[in-house]
Every structure is written in structure tokens, then in C-alpha cells.
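Chain lettering (A, B and C) follows the sequence in which the chains are written, and residue indices restart at 1 in each chain.
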Amino acid sequence: MMEHSKRHRDKYQGLPLILMILVLAAIASVPFWAGGGFIFLVGLLLIQTLFALSYNILFGLTGLVSFGQAALFATGAYATAYLMRTVPDVPFLLALLAGGLAGGVIAALISVIALRRASGIYFAILTLALGQLVYTMIGKSTALGREDGMTGIARPVLNLFLFEVDLSVGDRYFFFILAACAFVAGLLWWVWYGRIGRVLYAIRQDPERVNFLGVNVQRYREIAFIISGVTTAFAGALLGPWQQILTPEIADWSYSALPILMCLLGGATYYWGPAVGAVLFVGLSHATRMMPGISELLIGVVLLLVVLAVPGGVAAGLARIGKSWRRSTEEESI
Amino acid sequence: MLSDFGLVAFNGLAWAMAVFIVAAGLTLVFGILHVLNFSHGGFLMIGAYVSHDLLSLLDGDVSTISYIGAALAGGVVVGVLGYFVDRLVLRRLKGVEEAYSLIATYALLLLCVGAVKMIWGVNFMSVPAPEALSGALFYQGVFMPTYSMFVIGCGVAVFLLLDIWIRRSRTGKLVQSVAADPWMCGLLGVNAPAMYTAVVVISFALAGLGGGLLAANQSLSPELGGHYIIQAFGVIIVGGIGNIRGAFLASVLLGLVVSFGTVYVPEYPGIFFYLAIVAILMFRPEGLIKQKGLA
Amino acid sequence: MSKLLEVSGVAFSYPGVKVLKDINLAVGAGESHVIIGPNGAGKTTLFKALSGETKPSEGSIYYKNDDITGLDAWQRTRLGFGRTFQVARIFPDLTVLQNMVVAVECRQRIAKSKPRPWWRASPARETIKEAQSRLEEFRLLSKMHEEASVLSHGDKKRLELAVCLALEPRLLMLDEPTAGMSPEDRIGVVKLIQELQTQHELTLLLTEHDMDVVFGLATHLTVLSQGEIIASGKPDDVRNDPLVQKVYLGQEPHYA
């Protein structure tokens, strides 16, 4: 069987807590030593990582290949930005939640239509078509600025009941992105390693068997789609105030391919695989941005290698090293 | 009223035949290899760029013959590329899950886009249509560019050639058999891998040729590949994957739909295309033509 | 004896081909009902119609007097159906224990019982305990950390049975349970099935090719030929039915 679907349960349910804290601290330290351009890039990276982690709930966990997730990302981005523009006093957290919810609604619609035929190719193409539908609607809508998009999106004031934080000052919005992404990533971690995740992973391996375990497989696939849609849209919602501009291209199908790349690059069967992939991808794109065509060539080659030769991605390679290193300390675990 | 109908029909056909030229090779490869080649559009784009370069070597106006000749040259170049792509990549996708092979061919598309950006740059280029095809007919109130009629002619020609080849010729029937049951064919002494390679090369050559034929009157850019492939996907999914007649039918149907949308709802171009795909797939998930097989 | 499952006038057609014609069948609680017939007789089609994988073109299926014809497989499972496959279906990338945990959690889901605490991601202690005790019943506990894909053919079948029974079904449908097995393994499986039937008060509905297994296990027999039932009843009666002998038993003696 394809190694793509192998998954290992390790003692630490992903990564040791210490490592996670170190990584978070390292990211949080960036504004203190890096320049504005780099800070912007890392903020973007955090948002892309959340996008990729959300995608993996569909891809690595449930085994669904959707080519239309960018539409959900853009829905969240535009919904939140539009809300903040038309209702100036709306609490920022509420606007973000609304963006996420909008993504959930669109995801529910897409899933109901596309999941009638969950077989690989048809599902992929249907999600592609539906995603392009959303892209056209966003791109041609006057209220959303058509091709020029929405500009001048401000970083708002965050109302935390006891006090207010003006996120437009300094690098505060960066820390907000970090906190928000970490929080939502934590929620997704709980989905991945919890009861829902266990059922979804079983569905990925053998949906017929799961049917005969009394589970409405269709319903659970829809649930996976909606969860992924909400968090994807939430990631998109964070983007507006960060970039302070939104353009329709974030809804285009080529943008949908990004999380797929990241999941495969980093390893789709590990929870944090997509994060590794995101770092690699953003790093590669940024390093080659001055040379037109190089980034596509590089990414294309790497992707081909991953699919053909190293199916588990970077994370699988690391895990293999880690497995032999941990073999001596292995005790009974689930 | 009649001229409106004529406009929709004519433009619809022109769109349909252009997309069919793309879809034909795509559905051929899927029918025999069961791989949906995302990069088909990318190679079409390369064919277009190659013929552009060849044509720019000629000073002055381009004649119809040299236009077609350049397109054929594009087809040959891409056909050769197809041979290597088959050996290096497509063959290895035999046992891979459907969706993963889609990702692999998407990677190939990225390679095409990257190569185009590197070799030809990101700026828009254009290929002028040959003198003889630059005019237009005005008939019954419908404006019919000669070039569009040329495209329609090419599309129909490609369909007839492929259809006759697949159904009537010995090699065509052989290809059908290999597509249906490669193991059995192997037992009967048919060299299935060679057939696969041959079909892939034909499909790529068709892509390159199509790129050259469709190059005029539009801007060449690295985005071209992606644009065409999406439309081709829609057509072959609706027509029933792996079925040439289905692809033809679906092209015409979707062409009329798109054309209708362009004329009557111009504020949201392309929306009818996606709506139609969604609607058709919801009621007929297998596509318009139910029977399996290339023919 | 009250009838657990009743099949009335069920027919199944593909375009142009009538695979099943007017099937009428009744399975009583506690029976071991075996369906036999030559290849192509329609056994698999009938099986799939009963399990909910396909919908019959005509006719109705009743379970405990309720019409279940329109219900999907997962709904029938919730009513008490269980199903094993000719090639055992388990979750290959999970360990034996993880397989069982999934099954136990599915049972909990149906019974709407939430183990405490609900907020922990890992399976609850009680869930693991239950999974382990069920594995022990099937003598798979020693292999609990092995990946299911590396199990032997026989072990996979046992795991599949264990997973099925974790849902505590009333009617267990077994599709050729001894397919591809050596004679010794076959005896073992038959013994296991008989034990399970008594311990768990199961009604069995199975298809089989091996006549030794069939006559060793069956309390009732139904013979299918070319989409129709040609005989149904106690094994000895069916065995001596002249039509059955002509069509099936006479031509294919023991199936090794």
C-alpha cells in the first residue's frame, strides 16, 4: 500500500511540549531582531501554516483531495474585511469569527454538492469548479473592489473587555497573528488526535468498513470539510489587516494548490507536517522571487520527487530518524 | 433575434472547438493510462511559444501555410518532450492513487510554467494571424471572424481524425483494447507499454499542435496553460472521462452555455461554465456519455 | 420461531440483466442460515442488497417487522447488522489495538455514551480497557501493537470478526468466511463462529462454497441458481432435493 497513508502514533502525540514552546518563543522573538520585511514574511508564514494545517484535516486525515480551498480562504478574508468596513464599530474578534463562519457556510454548501461523488478525480474537479465560481463572484463584485480588491484595510483595536489593545501600533498585530494561529492550530490538533480524528482517519483507510461500524461516512466527511473550511477562512480573515490589501487572486485555483504542496512537502500523515512544508515552501519562494520561473521549477521538481520517490515528505524522513532514536525508550502507548 | 442566436451559436462553436482540441489529447491519455494530465495545458502553452518563435523568424506577414507549419513543428517538439515525460514520470504513476497522480502532473505543469518564464520571460507576447485568416464574414447579422472559422474547422478535423482512427483503424482498435484490458492484450502478444508511450506521444503532439493553431489573436503568457487546462477538465469531466465523442459533445454543449453567458450576462464571465459543470455532475455524475472506453 | 429478517419479492437488475428474480426468504433468530449456489447465481448481489450496500430494484426487506429496504448500510448496522467481507476489511495502517479502539468508540457513539473526560484527545481509559478485553476474547491481545497490515490472513479475519462484534450485532452477515484458507484454518474458523454464535446469541447469515463448512455450520440452507431460489429449508431436506442435486450438488462435490 502507498506509504502516503502510513501514520505513526508516537509517544508525544506529535511533538514534545518543550519543542513546541521553544518554537513559539523563537517565532515570538522575531520582531526584536529582524527587519520589517522579514517580520511581514513570518506573519504571512504563520497564516499560510494555518491554511495548510486546515487543509490537512481534509487531505492527510480524511483522504479528500480538494482543489478549491482558496475560495474558502478568500471568503474569510473578504467577509471580515467587508464587515469591518461597513460596520466600523464591530469588535475585531467578532469580525474574525464572522469570517470563519462565512467559510463554514460556503464549505457546507460545497461539501453537500461535491461529496455526492467522493471518488478522487470527480471530487477534485468539482471542488475546483466550485472554487472558481467563488473566485469569479469575488473578482467581479463591485462591492469587493473587483480586480483591484480591497485596499487600505486598517489594523483594528482589539477589545478584550478588561482592556484594549491597539493592534496598529508597532508589531502588535504580529503577536496577535501568532497567538491566534497557535490557538486555532491547537484546536485542530485536538480534532486530529481526538475521537473525530480517529474516525476520519479510519474513513480514509476504509470507508466501507466504517459504514459497517454504524457511522454515516458522508456526514463525517462533510463535518471534516466544514471544520477545515472554518479554520481556513479564519486564516484568511487574519490576512486582511496584515497585508492591508486583499486581491481576488487569493481565491484562484493556483492558490488552492499551495496547501497541497505544503502538506506533501512536509508530510501529510503527521500533524505538524504541513507546518514544515509551509516553512520550506515560503522559504523557497522567497529565496527565488527575483528569478522568474525558478521557484516554479524548484517546487515542481520537489513535488514530483515527493510523490514519486519520497512519499512521506520531510516529516517522514525525520520521523524515521526519530523512531530509531526513540526505540530504546519506547513504552506502551496508543 | 436570429442574429443573437447565430452569435451565440457561432461563438459557442468557436470556443467549443478550441477547447476540444485541448481536451482531445487529455481524454486520450486518461482513457489509456487512467492519469489525468494536469500538465497537458502547460505543454500546449509550450507548443504555442515554440510556434511563436518559429513564426517570428519569418519577416513580414505570415502565410497560412507557414502558420500551420509552425504549429506542426510545435507539435513535433512537444511530442518529443512527451516521450521523455512518459519515460520519466507518467509510467511511474501507474499504481498511484488517482488524486496523487493529479498532484504529480500538477507538478509537471509547474515545471512547464517555470520553463516558459525562464526561457521566454513573463511578458505578454502575441502571434499575428496569417493574412488569409485575418478577415471576417458578416452573414445574417452575425460577425464571423475567419480565424474562428479556421479554429472550428481544425476542431472538427481533429475530432474526425481521432474518431475514425480509434474506431476504424487497426491501431486504433488495438489502443481501445489495451485501454480496456492491458493484461489480456499482453497475453495476446501486444506490447502494451509501447502502446502507452505511443498514445502519450500522440497526445502531447496534439497539445503542441493545438497550441500552435490556437496561438493567434490572443496574448501568450505563462498563465495560458492553466487557463486552458481548467476548461478542458470541465469538458472531459462532463463528457465522461476517457471518451472522445463525449468530449466533443460536452465541448459543444459547454461552448453554447459559455457563449450564452457571455452575450446575456457579461458582468460575470465564465460563471455559467462552472454552474453548468456543477449542475450536470450533480444529475449525471459519470458524465454525459455513460459507456466506458475511448470510443 | 419469530422471523428476524424477511425478504419479500426482492429483485435486482442491472440495465438489461436481471440478476435476482423474486427472492423470498426468511431468517429466524438464532439460525445459522447459509446461502449457497454456483458462481454467478447472484449470491453476492443478494448479500449486498441485504447489507444495505445496494438497493433492490423491486421488493422489500424487513427486520424485526420493520421495513428497512430504504436504509443505508450504516443505518442497518445501528439496528444490529454486522458484516464481514470475503477479503477481511480492517484498518491497515492502525495497530490491532487502535483498530479495536475505533470499533469500541463507534459502539459508544451508537449507544450515545460519552466516556469521561470528553475533552481529552486520547482514548479514555475505559475505552482502552474494553478494547483490550475484546481482543483477549479473540486471542489477539498479544499482537495488540502490531500494525494490522502485517497480520496473517487468519489473524486479519479474526480481527475483523472482533471489530464487528464490538458493536454487539444481532445479525451477523459473513461473506465466504473461509475463503482462501487451508483445511486446518477452516476448521478453526468454523469452531470460532460456532462459539461466537452461542456466546453472543447471534443469528448468522453467510455465503459459502466449501460444502464441509456449509453442512457443519448450517441450521438452514438456501440454494440460489441463476438469480432464483431453487430450494430453502433444513440442510438434509435441501441436500436431497432433486433439483438441487441436478443443478448444484451433483456437479460440484466437495470444494477443497
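We adopt the following convention: contacts are C-beta pairs under 8 Å (C-beta built on N, C-alpha and C of every residue); 3 or more make two chains touch, one makes a residue touch a chain.
As the structure is a computational prediction, the values presented were derived from the model and not from experiment.
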**Report entry** Reference subunit A; chain at largest CA-centroid distance
**Finding:** C
Requested in this report: Could you name the chain whose Cα mean is nearest to the mean of all protein Cα atoms here?
Outcome: A
**Report entry** Inter-centroid spacing, subunit C versus subunit A (mean Cα positions, whole Å)
**Finding:** 41
Query raised in the report: Where the CA atoms of subunit B average out and where those of subunit C average out, how many Å apart are those spots?
Result: 49
Report summary line: Averaging C-alpha coordinates per chain, one finds the centres of subunit A and subunit B separated by a number of Å equal to 33
Query raised in the report: Of all residues in subunit A, which touch subunit C in the complex?
Result: 1, 5-7, 9, 13, 189-190, 193-195, 197-199, 201-202, 205-206, 208-217, 332, 334
Query raised in the report: Which residues of subunit B touch subunit A in the complex?
Result: 36, 89, 92-93, 95-104, 106-111, 113-119, 121-122, 222, 226, 230, 233-234, 237, 241, 267-271, 274-275, 277-278, 281-282, 285
Report task. In the complex, go through subunit A and note every residue touching subunit B. Result -> 2, 4, 65, 113, 116-117, 119-122, 124-126, 128-130, 132-133, 136-137, 140, 253-254, 257, 260, 264, 291-301, 303-304, 307-308
Query raised in the report: Within the complex, which stretch of subunit C touches subunit A?
Result: 51, 53, 72-75, 77-78, 81-83, 85, 89-95, 97-98, 101-103, 105-107, 109-110, 120-123, 128, 145, 149, 163-164, 167
